[in-house]
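Below is the structure I would like to discuss, written out as structure tokens.
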Amino acid sequence: MKRITLLVSVAALLAMIAMLPLSAVQADGHCEFAEDSIKIGGLVPLSAPGAVAGGVAMSWAINRAADDINAACGVSIDSVNYAVEIVIGDSEGSPERGQAVVERFILEDEVQAVTGVYHSAVGLATMGMLDENGIPTVFSEPWNDNVSANGIMEYDGRPPRNADGVDYVFRVSPASSMVGGVVVDWLLDLGVGNVVIIAENTDYGQPAAADELARFEAAGATVTQINVELGTEDFVPILSRIQAQAETPDVIRVLVTGETSYNLTQQMAELGIAPSDDTICVTNQVAFQSEQYWQNVPDGNYCAFNRVGIIPSLFSDTAVELNAAYFEEFEDIVPSYAMASYDAVWIIADGMARAGSSSDGAAIVAAIETTDLDLSQGRYYFEYGNHNPDLPQGTPAFMWHQWPDPVVTMMQYFEQGQSSLDAAVIFPEVYQTHGSGYIAPGTSP
Amino acid sequence: MITPRELRRTMSDLHLELNNVSKRFGGLQAVDHVSFTVTEPELIGMIGPNGAGKTTLTNLMSGMLKPSSGTIYLNGRRIDGHPPYDVTRAGLGRTFQITRALGRMTVMENMMVPGLAHNPRGGRADLEARAHEILDLLTIDHLTNELSRALSGGQRKLLELGRLLMLDPAVIILDEPFAGVHPRLQDTITNYINRVYENGKAIMFISHNMGAVFELSQRLIVLHHGAVIADGAPQAVRNDPAVIDAYLGHDEDD
Amino acid sequence: MVIEDTLFILWLMVAGPLWAAVGLFVLPGINHGRAEADQFSPTTLKIAGLIGGFALGPIGVGLFFFEPALIRRTSLTLGVVLTVFISSQVLVRVIDPNFPSALWLLLAGPLWAALAAYFIPRHYRDLEADDQNALTAAALGGFAIGPLIFGLMWKTTPKINRDWMITLGALGAWQIYALFAIQNPTNPCVALPFAATYLTQQTANGVVIGCIYSLMAVGLTLIYSVQGVVSFAHGQLYMVGGYFSFYFLEHASYHLSELTGSDISVNPIWGIPVAAFIVFIMGALFERVFLKPMHEGLIERVSEYAILITFGFGFFLEYTTLAVAGPFPQKTDRFIQIRRFTLDRYHFNDEFFFGPIHIIGDRAFAMVVGIVLIFALLYFLQRSWTGRALRATSQDRQAAAVTGINPTNMNTLSFAMGSMLAAMSGAALIPIFNWVPWVGAEMVGRSYVIVVLGGLGSVPGALAGGIIVGIVEALGAGCHPDPSRGAAYKEAFALVIFALVLLLKPTGLFGREQH
Amino acid sequence: MMIFRRFESAIDQGIGRRKLGYLVLVLVVLFFLWFPNDASQSNYTKTVFISGFFYAIMSSSWALLAGIAGQFSFGHMAFMGIGAYAAGLIARDGITFAMLGLSIGPETISAFGAIIIGTIAAGAVGLVIGWLLLRLRAAYLALFTIAFSELFRIMMLTEYDYTGGSNGLSLRPLLQIEDVDAARQVEYYLMFGLLIVCLFALYRVANSPIGLFLRAMREDEDAASALGVNVVRYKILVFVFTSMIVGFAGAIFYSDVGSERIIPEQLEILQMSLIIAYAVIGGMESLIGAAAGAFISRYLLEAMRQVVITLPFGMTTYDGSDAFVWEPGYWRFALFGVVMVFTLRYMRNGLLYPIITWFSERDIAMKETVSRRESDDDHAARIEADDE
């Protein structure tokens, strides 16, 4: 089994180094494909109110993965090569649409596996259906803790989907509390006592805020949470409010995404609230898109941000290739969800190859559970699943079919207009690039 | 020509009474303590120079405006300050100076609105029959299925008059019935007015040109600066000095 | 704000009553026989003295001595202020912090407002008093001072002039403020020593952003005043204005850099005229094709048609932009290289201080741009022939037509100019907020609030409305007792005011009677 | 053209247009009844149809409100939301009357009970709003309703603890059917039935005296009032009626029939604008037209996600396929906007209006009267009189 994987990935690298636009043609050149191909559905938001920018990147990555796989002669089952074919569906970020699209995937396009999903609401709404239909699924971006958690859990008062849980759904994106953990640990290491959390009132912001708030308070820090609506442009009033607090906060944590977060961060900086000598500015993965970030937050230097995915300085060749291609397409750094989506397709393909079937869901799931692959984000494996069913006491339910160690790092810019590839990794220490846990404004490591 | 006395025997009860009705807009005293009563079928002309408050008074009577003070009774019911539809039900119908036909509804529908509003339970068939009669009287029966916005100005006026009859009110107020109407239709209107009068209704037609009013009306009410300055038989009014200088001197007040 | 206990009690128990007594017994005596005082009944004088003395101490007494003419209104106002102030001060102390201010804001206040709004105007009519604004005043007062409003307006049905409105409005605001204070005493709006600085800061924020808002609203109001049409494409025109500016600057900078070889970035100020020009043309074309037939009587239910057609236009613009420019946020360079203007902290003594006050540089600049443009427009409307023609048309189409003005052209001009103003504000804001195709939605909602508040069709009204909305949003978000919700409800505050104005005074604060 | 004329006259001599119209209607209904049994159709198409039915209800009821009664409300979606949210909250938390000390636990409320409560809630709010709106006309009314629905949306979004914020609120499922296909089948018929019922109810109202009064009010409120139409009553009535219809439809649709949870994004003005656009394109003043418009537009917007263009004459694209795929993305909506604007400008009564009127004998009658009028010699009078 392992051998095939190796072959596949090596071949993939070779193919990627070969000219990419022509990959399909070349594939035809030196691969014999079976008549019917393997269909994988990609469920991503491509129109408002969904997070379109994310969806675009994800669908790009998914298609890209398929091309690469095909360039490596697709998925070979019983020494027959099957080409991978991608079907993209637009979830519009709404559960209703998501369900409809998944249904179309299953019944009309007859996909054998599904990946993608950006909004947790969509993930929550669709995972039951995917499970009932036995479609192996690897979610690549929803963060809500309840996604992919096993069937024992309930969410907003609904009974378990079925007795033995959501067994067909895997997740390679972190659960929000995994991310929260890192951020909070880092801040507590710096000894912050007075925290302000600004969270968007969405399925991303609220759970994340709740989680981090709990962690902070457990550690005895005082926390003020401020909720904002996405699409708000002018944050000055609420920022002035923070400014007027009796004791200036040690850190302002931004749990807002998209253009809204850029507005917020920029205004924060312009008012000199954070980053400043007294206050640390902590934003989130959106800051990793350095081109966009610097265009929209020119004053956002010295803001720290959490990032999911292996750190640029440790990019594997796969990651480097992917990043190069992404940059060609979007003139920006490849975001984690694109990497995750890319990897997800590979994981599925690999699972099918090892299961020796593209249709037997159970077998594929079993195979995926024992995944052991090195891809753009690092080494993939799933700790808990039917192969290792009993979660130890205290292990949260979402660890079921969850990639246990997506790398979550804290990074920080220390030069105006710096590319996030050069930005300093400041936490966890093992990854530190500039040997410091926090770069104070005005200084450089 | 039938006299009021003969009519009174046949007619339904009819008693319209205004006591000291006033209306003030901000500083302007539009209608100033107007009082008069109508107790029998009459052809009443209400005249007065522009801005004398004729239309305001009409609006007050028909419930479009609330009087600042004073009371209006119709057949024993107090109607001042009531919404127009109550007033109409109480038996006072009015037309508008600029015709208010319901543009994108057919003539028949225009007729049915008051009909059904007046007695919702009433069978459509009877109402339609009645509508046809009235339209026929008004010489626009052939336009039944026409959208009323396609009608000519004069025909719209006729339609308005027709709608009033569907309500069969005790008192009818016609605001400028002759304004901008083709001569040929004016006769129809006059004829209509007489017919209605003969059915025992009081008709009050408002106009700012005395000429048209004189030959029709049996009683004239003259408004000036919102107040009644004369009320009586046309001849008497015609020679009333107050009226004369109101009209001579009316140039400076509009 | 919460005044210090000792001070409060001192005044409540000692100074107040003392001067009240003076006012009560001395004032009528010395005023006796003076013409301007005798117009009032002795009791009025007594009560006035009482209140005046209690509220303002010597000042009050002096005032009523030297200016008896003021006695009635002043004492009335003072009385009300006092009641509210004392009550709220007492509440602050008596009631526990988690007293549900909703109780007043959502139940008692509206209840009294409704009652007052229902009964008082009728009462006015029965007494043949001039009931202009009575409704508004009653509702405001009912909300602000509850049952007291009946006491104020029932017996002596006063003529409701602007001071009345302002006083009552202020009281209402004060009421909310006091309740916020009760809810959350650590609220920076109330907690000394920050309050003074904080309120100034928020007001400043409000005024700055308000002026920027009004620029867009002015366009809306201009269109309405001439055409009697509310443009539902305004937000999208604002949005495309921003994009035009953005793309122009990008290309200009690029080509200039190419030419000169040095790295040049064109100042966003130049984007404004470009955007203005393009959108002016767009507006003119749209008006010619789609709005013109309205005024030629080809269309019935004009206002609905106008709503829909502009709406569809906006719909088209938004999605076309989305298809062309994509969903990625864009932003231009800054106007000026100053991050923020700061007024440093000033210490009165060791615990009381004022400042610092910050204003973001670019916003200040955008505010200036906004104000300049608005006044330019006003000047244009007042002085130039075309401007006068526009105004004439908005006054009375027929009359204008008679005097040789071509109303059709005026319509086109008004719509084009209105759209242009939207585009200009877009171009003026893209250096401040980053830009996405749906950026217009929130903004246009706000400018509806502004124009209705200021009165549809009134340019100065739009300016005032903009500033009011700005301040309300700033204070709302800043003073909401629950910091976690304050920001999320930011728009909501403006919307509530909007709804109230629509219901109570659809003509707005400065508006003409509605068409 | 000639042929059409002949056909037309043939019909007129034959069964007559109205009858033919009914026939066509029946055929359409039969088609929809048969449709889910077509084995070749996937559940996905059914899902698209289901939401199509839902939006048909929305825009036809809006057509009654705006097209027939002239009440130009943007709050329609909000009322739908009120229905759904009320139902959801009731089914989750039950009701507690603190003062009376009595509380009804959620378990005692059936899914349908919740839906009914939701409907009532929507109606109640409709009553209040309708009453508040009495003083407002046209643009002011539109603005007020926009403000109202935005406020509602923001509240639903912000009161995270109660409404689930943007995670949405999942209602109690109305049907518990394990088998997916069977479930979809039932949901399809349920929604279609609902559409028929609603259309029937709306139709009855529109063609009753009330409908006549509503149109009268739309044309000229003062005149209608002067003719004895109780404008206040009917204005409020129409608000309550339409709110209840959409509240009901919403509560059912989100009880896991069309969707499993309602999210605040559904209440955005954008969604409302879509409904308006559907109604406009189909014909604001005809209920059927609006419904059809909504259904067709939705279907097309769905179908246009991916347009496969097959190349003629065996031409092939570079990778050898004989068809290439065009994904219009946002251009769909841009196009939609264009269609809406041009419909308004050049076919004000909607694209389906000609067909609908052709089927109603009205326009025969019209033609006749027109010809009669031309024979009539008051032309001069008209011109003269219109100068006033």
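Going in written order, the chains are labelled A, B, C and D, and every chain counts its residues from 1.
We take it that a residue touches a chain if its C-beta (ideal position, glycine included) is under 8 Å from a C-beta of that chain, and two chains touch if they have at least 3 such contacts.
All values reported here derive from a predicted model rather than from experimental measurement.
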With respect to inter-chain C-beta contacts, which pair, B-C or A-C, contains the greater number? A-C
How big is the gap, in whole Å, between where the Cα atoms of chain A centre and where those of chain B centre? 77
Centre-to-centre distance between chain C and chain B (centres being mean Cα positions), rounded to whole Å: 46
Between chain A and chain C, centroid-to-centroid distance (C-alpha), Å: 44
Could you tell me the distance, in whole angstrom, between the mean C-alpha positions of chain C and chain D? 37
If you look at chain A, which of its residues touch at least two other chains? 48, 201, 227, 229
Contacts with 2+ other chains: residues of chain C: 322, 441, 485, 488, 491
Where in chain B do residues touch two or more of the other chains? 103-104
Contacting chain pairs, sorted by label, are A-C, A-D, B-C, B-D, C-D
The chain A residues in contact with chain D across the complex are 24-25, 46-49, 90, 93-96, 99-100, 103-104, 107-108, 120-121, 124-125, 129, 132-133, 144, 156-158, 201-203, 206, 227, 229
Residue ranges of chain C touching chain D (in the complex, touch as defined): 229-230, 232, 289-290, 293, 299, 301, 303-309, 311-320, 322-323, 441, 445, 448-449, 452, 485, 488-489, 491-492, 495-496, 498-499, 502-503, 506, 514
Of chain D, residues touching chain B in the complex: 209, 212-213, 215-216, 219-220, 222-232, 362, 365-366, 368-370, 372-373, 376, 378, 380-388
Looking at the complex, which residues from chain B come into contact with chain D? 62, 64, 83-85, 88-89, 93-94, 96, 100-105, 109, 112-114, 116-118, 120, 142-147, 150-155, 163, 167, 179-182, 184-185
Within their complex, chain C touches chain B through residues 125, 128, 130, 132, 300
